[in-house]
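First up is the structure itself, then whatever we jot down about it.
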Amino acid sequence: MPTVQSLTQTKEIPTAKPIINDFSITVGTVNGSGSQTANMTLIRALFKMGIPVSGKNVFPSNIQGLPTWYTIRVSKDGYLARSETTEIVIAMNPETFAKDLNALAPDGVFLYADDIKQDIPRDDIITYPMPVKKLVSESNAPRKLRNYIANMIYVGILAQMLGIETNALHQALDFHFKGKQKPIDLNMNIIRHAANWASKNYTQEFPYRVEPIDAAEGYIMANGNTAGALGSIYGGLQFAAWYPITPASGLPEALIKYRPKLQTDPETGKYNFVIVQAEDELAAIGMVIGAGWAGCRAVTATSGPGLSLMTEYAGLAYFAEIPIVIWDVQRMGPSTGLPTRTSQGDINLAHYLGQGDTKHALFLPGSVNECFEFGWKSIDLAEQLQTPILVLIDLDMGMNQWMTKPFEYPDTPIKRGKILWEEDLDNLDWEWGRYLDKDGDGIPYRTVPGNQHPKSAYFTRGTGHDEYAKYSEDPETWEANLERLNQKFELARTMVPKPEIITREGAEIGIIAFGSTDPAIREACDYLDATGVPVDYLRLRALPINTDVIDFTHDHRRVYVIEMNRDGQLHQIISLDMPDQATKLTSLTYNNGLQLTADWVKNTIMVEEMK
Amino acid sequence: MPTVQSLTQTKEIPTAKPIINDFSITVGTVNGSGSQTANMTLIRALFKMGIPVSGKNVFPSNIQGLPTWYTIRVSKDGYLARSETTEIVIAMNPETFAKDLNALAPDGVFLYADDIKQDIPRDDIITYPMPVKKLVSESNAPRKLRNYIANMIYVGILAQMLGIETNALHQALDFHFKGKQKPIDLNMNIIRHAANWASKNYTQEFPYRVEPIDAAEGYIMANGNTAGALGSIYGGLQFAAWYPITPASGLPEALIKYRPKLQTDPETGKYNFVIVQAEDELAAIGMVIGAGWAGCRAVTATSGPGLSLMTEYAGLAYFAEIPIVIWDVQRMGPSTGLPTRTSQGDINLAHYLGQGDTKHALFLPGSVNECFEFGWKSIDLAEQLQTPILVLIDLDMGMNQWMTKPFEYPDTPIKRGKILWEEDLDNLDWEWGRYLDKDGDGIPYRTVPGNQHPKSAYFTRGTGHDEYAKYSEDPETWEANLERLNQKFELARTMVPKPEIITREGAEIGIIAFGSTDPAIREACDYLDATGVPVDYLRLRALPINTDVIDFTHDHRRVYVIEMNRDGQLHQIISLDMPDQATKLTSLTYNNGLQLTADWVKNTIMVEEMK
Amino acid sequence: MKLNEIGLSKKDYGGAPSTLCRGCGHNAIVSQMIAACYEENIPPEKVVKFSGIGCSSKAPTYFMERSFGFNGLHGRMPSLATGALFADMSLIGIGVSGDGDTASIGMGQFKHVMRRNLPLVYIVANNGVYGLTKGQMSATAEEGLTLKRQGQNLYMPIDIVWEALVGRASFVARSFSGDPKQLKALFKAALNHHGTAVIDVISPCVTFNNSDDSHHSYAWGKSHEVALHELSFVPPAKSIEVKYKKGETAKITLHDGTQIILNKLAHDYKPTDRAAALQLLEKANRKQELVTGLIYINPEQKTIFDIDFLPKSPLNRMPVEKLRPSPESLDEINATMF
Amino acid sequence: MKLNEIGLSKKDYGGAPSTLCRGCGHNAIVSQMIAACYEENIPPEKVVKFSGIGCSSKAPTYFMERSFGFNGLHGRMPSLATGALFADMSLIGIGVSGDGDTASIGMGQFKHVMRRNLPLVYIVANNGVYGLTKGQMSATAEEGLTLKRQGQNLYMPIDIVWEALVGRASFVARSFSGDPKQLKALFKAALNHHGTAVIDVISPCVTFNNSDDSHHSYAWGKSHEVALHELSFVPPAKSIEVKYKKGETAKITLHDGTQIILNKLAHDYKPTDRAAALQLLEKANRKQELVTGLIYINPEQKTIFDIDFLPKSPLNRMPVEKLRPSPESLDEINATMF
């Protein structure tokens, strides 16, 4: 077929049947060029066809002009972790052309903008040059949109070759442009134009196809930052202070976005919660502590550098027993590190945040849906225990679109913990003291400013105090107060979300992991099972750990603690709670800024088990 | 004896011989009243008599008018830890009169200002009313000095009754007043006057006496803050930045005090090092990092709250590989806590100071003499490893006068680590890169600003970088760099000060401890030995631990890790390095703000061993 | 016992006994704040106290025990107050800080609370030194000041009033612990102001920085103070009756209708023009005059409360029903998640 | 290839290729700094670059590769520079910061480096927005500015120049990335100044805050800029020959003898009187004029180097012998320890 020849096809047309709904695509482009819209259109369309899909954005820490990759995984089996192999590459960026070419799997498909004139030293793949410039100019779209439109060209071509349904694409664009007809049509026309061209010129059958199924039925697509924000709003958030930082900004920005719709008082027409952009993280946490102290449900969000700056104030909140929630959307550290790469490296810092004997409970959501759930649960627990709760996710979960179960409305009423108002104090038959452990559970009763009862006021401080909040340097008083704080921490073990355990027939070994690595671990467990190495999987959902985790370790010959940092921070912390099991706990760490993959987990465990 | 009667003696004169050079004195007074001079005069005089002595100041977190206690321990055996019993009480403060009375041991001596009219419901002690007001007025000293002089009255009386030598007292005053005759005479006269009165009126024999010996021969008296400052100066300190905080201010203030004498250039008459009082700790560490980066030997000092504020910058120094030394003079936390009470509660924070996988080596001096030694050694190691070193002491060691061995002149030349200047670069036969591990020990070579070689410059950042200090987000590059940093940390194990081990015949159990608790532990070991429970003692001098610590644990049935915090922070950190020994390590913690005592250690271990 | 209009005695405005040094300037701040609140008939329960760390920051412990108080972290009082005061906007916030607490470690939060114009009485007890840590130079110490253990200060001082003026504070005053009458009057004005009211109080540290030539000593203050005017007040109710009397340089009507009347002393000065205020300060600094009084006020400036679109009823008393949006709304949200 | 007096080509002053957005104001700062150093014949090895975090703070990567540089932490550039420059006081420090980096999180260090008068060229690349975090309001955003995703700013803006003036900076200037000629001239003046030289450069963020009505946009700058004067320089050697020419409003002799000549443009303005500068700014702010040029300079003000009693020779080259006091001195010390 001459057309095909002219397109410098380099490989025999494979006779094999096309692979359906099971492959990965990598798009290599530059940031700030509008490729985000193109890529989101693709995964939304695939999702609309009912196909499980995930998209991961690997982007640089600048605003415009540097290489960016977007990998889309399509998996009928619902495996949505990043895949180590990519079967389709779309090369739009000359700078990374060679690199992207190399990344392609054997028998893979290489689509590239034909204005990139670089040789293609591989004969084990199929190449499709795309006349991007030509098609763009034919589109006679406004000049300033040209760059952006180039991206829609590959959407059209890919849609054509994979068989993505037009109405699915239309729905994707309709959503993206909030129903605005003009941009929808503009983009749809480009896509059609490119698709037509492809259908005419790429005559041979494409080795990968998508077909509508219903595996994505009953799911939504969202990112963790938005879910965390919504969860907080449904958790009765009243005050949020923040300072911008990647990858956490999305959470407070979602609060700003959804406040008018969700928390405008029908009567007064006023907002029911406050958002303040502070001058830095020292101030952000200070504001949140002030609000939490004064009886508002208060939340802040940050990432590593900001968390470091919150250290001193977090210690005060622990010691003065002030309920607040801190979201740490982790990025790669130490230091400024890789601000746009993912990591689970703040466990130690977050757990011990503060000088002296400070310890905090950590919530560790393992899905976007759980970000919503822990959004409201974390505020409840913070107020019940009168202490800071930290919720740790990472860039991958916070910023990428995940397919997830719909957000579920809270199944328990809002818990405000032990607060006394005027009438409560009037009816008290005992003498209230702010730090008096009346109930023996270590949790005292608190009052908040505005309470007009003449006995309601007390003076809060970060220095030593007695049960009635009076200043004290007395050794016994100090020691007793710190023991009570510890009692609350032990109580937290029983109140934080319990781990989720997935068992397998005949498993002798186990995995403990948490957070965004869940999809990779689940997939790896299937592979390991298939290779005759069944593994039980405990997904930790919070610290401190409860007995389930200790029992799980007891019941296995060996337990792999898998996390995305260098030092095996979680492995360290949990082994402290079971010294007699310590030798069974094996730390496996993955620490290069990319998302964990099932292959890595499977291979690493195989190697370990061979030993 | 009428005089004695009139002095309401409440107890028969004991016939037993007086106890010599072995007792404790507690002085109860108010702060800001000048009692410090009186108490220092006492311990200096005792020291001059060759008697081992220690003084501990238990003071409030304000400036004037609140209760303060000073405890002096006199011990011919050289036991200088705080003692739980006190045989002599001097009660000058009406507010704490009753409390101080109760603290006195049976058969103890109670000296009190007779203007305090409170009853003395104890008949198992000897009471000595002191006509302080009368003696002060007789002294016809200037009005405004009266309050202050009241303190010298008890010095005189006590000196008389204990038999403290006049010339020893004179030497003490001479030192305190830097040879100024007028104040020396003034004070000496008061002391004599009070002594005379006592000799006339307290006719019966005093149950406690001191006698000159030579047990303090070859020792000096100093506090850890001064020693740390001097050690740093002899370590070639070039730049210090700090922000005032109790109990750390004494270290930089000693730098200010000793700079003119020790580091004024004979030729230029200029200072050889810089001291800057910063606007806060964020700036103090920033300045020190700037200086360390630019090739100056740089040190800062702070305490818990300040250390918390240094978190972010400490992580940068770790990651960008900048040599600095941070002294953390620990006070009781969490939060502002008890600013004037001692603690060892910052181990966790200091060890992991920074977001992501940050880890630091910690030096843990166990004596004032060692504060000097670690002062220079810490700077050497920081520059050799190109990383921050933290030196942790506590309020007790930092602020109290300790009897200690004289400071020893450094026995090794100053080590500046791998720095390349113009000529070095000229003679290089390989291409230098700031983060290139040429020697395979994980430590690269560095250049510093001012180097005029056109190839010497590089760009330093807290973000990802390759071996040539170029910005990089490449996964492999990131991972390799972090592994190299870890290699440096492992190397530190072999370079930090090794533990000191004291063994005993037939010991099956061991103690691991560090820092200011050393005197209490040594004393306790003697007691335990005497009661048939010999204990080996490993005094940890740094983190990370080396194999000695692991072997020590191996070789014992059980090892008690004793520290002054709530959560057993050191116990946690070292058990991570020997999971197979974890169950042997038993955490014993003391956490009320007072100094550890031998009795507590002995009793606690006895109880544990009974179990 | 004498009672004010809301039936409280001065004792009801008292706090714990002071543990500050005898003669400390901060004690004057404590007693004048008690007097001001008592005379202004402010219910203690309507006041919330904030402070950082320092001798000055201990002051709130010593007045109005019946008010909530939060002694926070060094240099971080403003953020604490910002969060807390949103909980119930009917409360009156009083923040006490020191020169170290505000001008050294606290500069950032000091500047930013002013530009947000948080309704807060912000008192800087300014003694030019770090009292609680025993006498180091603070950022307001004058050039050339010499202190024991510290040597001489050769840096340029930070001027709290000047910083407040360019920082756009809506109320800027300076006073002196040695002038209790004016101190009280300015506290009253500040308590009635709607916005951030910065009062730079020269408050001598008798223990570490009170030598006659020190610019923060009683002696220096007494000999260099130039009071701009005398202040008196007319409550909203009566304000109509008021006529201009001779000697009056200005009448300022506050947010709540209260009128402040300024009676000419040193200068004929109107505290409503920021440019003039800057001039005044510049001159005073050159002439080494300690200008005291109400230096600038703008009762109209928007506060952070006006800005954030919030209900008047206290957030911290909001019923739980209101705190959580409806189940239906979540269905709608889920429908848009893709 | 053209070479300057020390035999270097402009290329020798270049850095890594810019990764900033096309048209970003910060790129003008990069190119004019290269030009200024090249024309002033400054050896790159004599320069040390510092910055915080932000798009602006990346700028130092893009000029003078042959100079040492340190990209520190957000808001903490000044402390880094303070420590580093002590190591060799013959070096020229150039700090580049952003409005968020300086006026938000960095306010404290900004203020304190000025009062210490550290010799440092302190450039604030001011775009009224957080670029690198994608377009949130910064503290210099004007009242009323509306941004995508952020809504309207209703806080009072922080004015860098004003803050620098009351902060006692010894050199205060403002410029505009749209006026490269003046930018270069001011850089030259700053590079020759002995003390902290603050330059507030309105440097538009074309991606997030460049709408015509935004006070930090190119359009607004072009239509509102009022340049005070034209600057020219006379190197120390030649300065004697100089005579006053008509149109010259001022001649300022710097520490090293260099003379700055100001030629009248808009106003007849002498930048040596802080009070006048404050006035100028106040008026300009009210008239919404973007006054640019050298606004204040005091070549005589003591620097932190003059203050600390230090040798001229670089500390970081001090021989180890000098670093450690003698054994005898330690014996003396021990003798006094009791």
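Note that the chains take the letters A, B, C and D in the order they are written out, and that residue 1 is the start of every chain.
Methods note: a residue touches a chain if its C-beta (ideal position, glycine included) is under 8 Å from a C-beta of that chain, and two chains touch if they have at least 3 such contacts.
On a predicted model such as this, the values are computed, not experimentally measured, just so you know.
> By the contact definition above, name the pair with the higher C-beta contact count: A-D or A-C.
Of A-D and A-C, more C-beta pairs in contact link A-C.
> Measuring between Cα centroids, which chain is at the maximum distance from chain D?
Between chain D and every other chain, the largest centroid distance is to B.
> How big is the gap, in whole Å, between where the Cα atoms of chain B centre and where those of chain C centre?
40
> What's the distance between the Cα centroids of chain B and chain D, rounded to whole Å?
44
> Quick one: which residues in chain B touch 2 or more of the other chains?
Residues 60-61, 279-280, 305, 312, 316, 336, 461-463 of chain B touch two or more partner chains.
> Mind pulling the residue numbers of chain C that touch at least two other chains?
73, 104-105, 107-108, 111-112, 139, 304
> Indicate which of the five shapes (line, ring, star, complete, other) describes how the chains touch one another.
Graph shape here is complete: every pair of chains touches.
> For a test of understanding, state which residues of chain B touch chain A in their complex under the given definition.
Those residues of chain B that touch chain A are 60-61, 304-305, 307-309, 311-312, 315-316, 318-320, 332-341, 343, 345-346, 348-349, 352, 354-359, 461-464, 473, 475-476, 478-479, 482-483, 486, 565-567, 569, 572, 575-576, 579-580, 582-583, 585, 591-594.
> Okay, in this complex, where on chain D does chain A touch?
19-22, 53, 55, 58, 73-75, 104-105, 107, 130-134, 136-137, 139, 149-151, 207
> If you look only at chain B, which of its residues touch chain D in the complex?
Within the complex, chain B contacts chain D at residues 44, 47-48, 175, 220-222, 226, 230, 233-236, 238-239, 241, 258, 261-263, 265, 268, 270-276, 278-280, 282-298, 312-313, 316, 406-407, 409-410, 413-414, 416, 421, 447-454, 456-463, 470-471.
> So in the complex, the part of chain C that touches chain D is made up of which residues?
The contact residues of chain C facing chain D are 104-108, 111-112, 114-117, 139, 154-159, 162-163, 165-168, 274-275, 278-279, 282-283, 301-302, 304, 307.
> Which bits of chain B are touching chain C when the two form their complex?
32, 60-66, 243-246, 249, 253, 256-257, 277, 279-280, 305, 336
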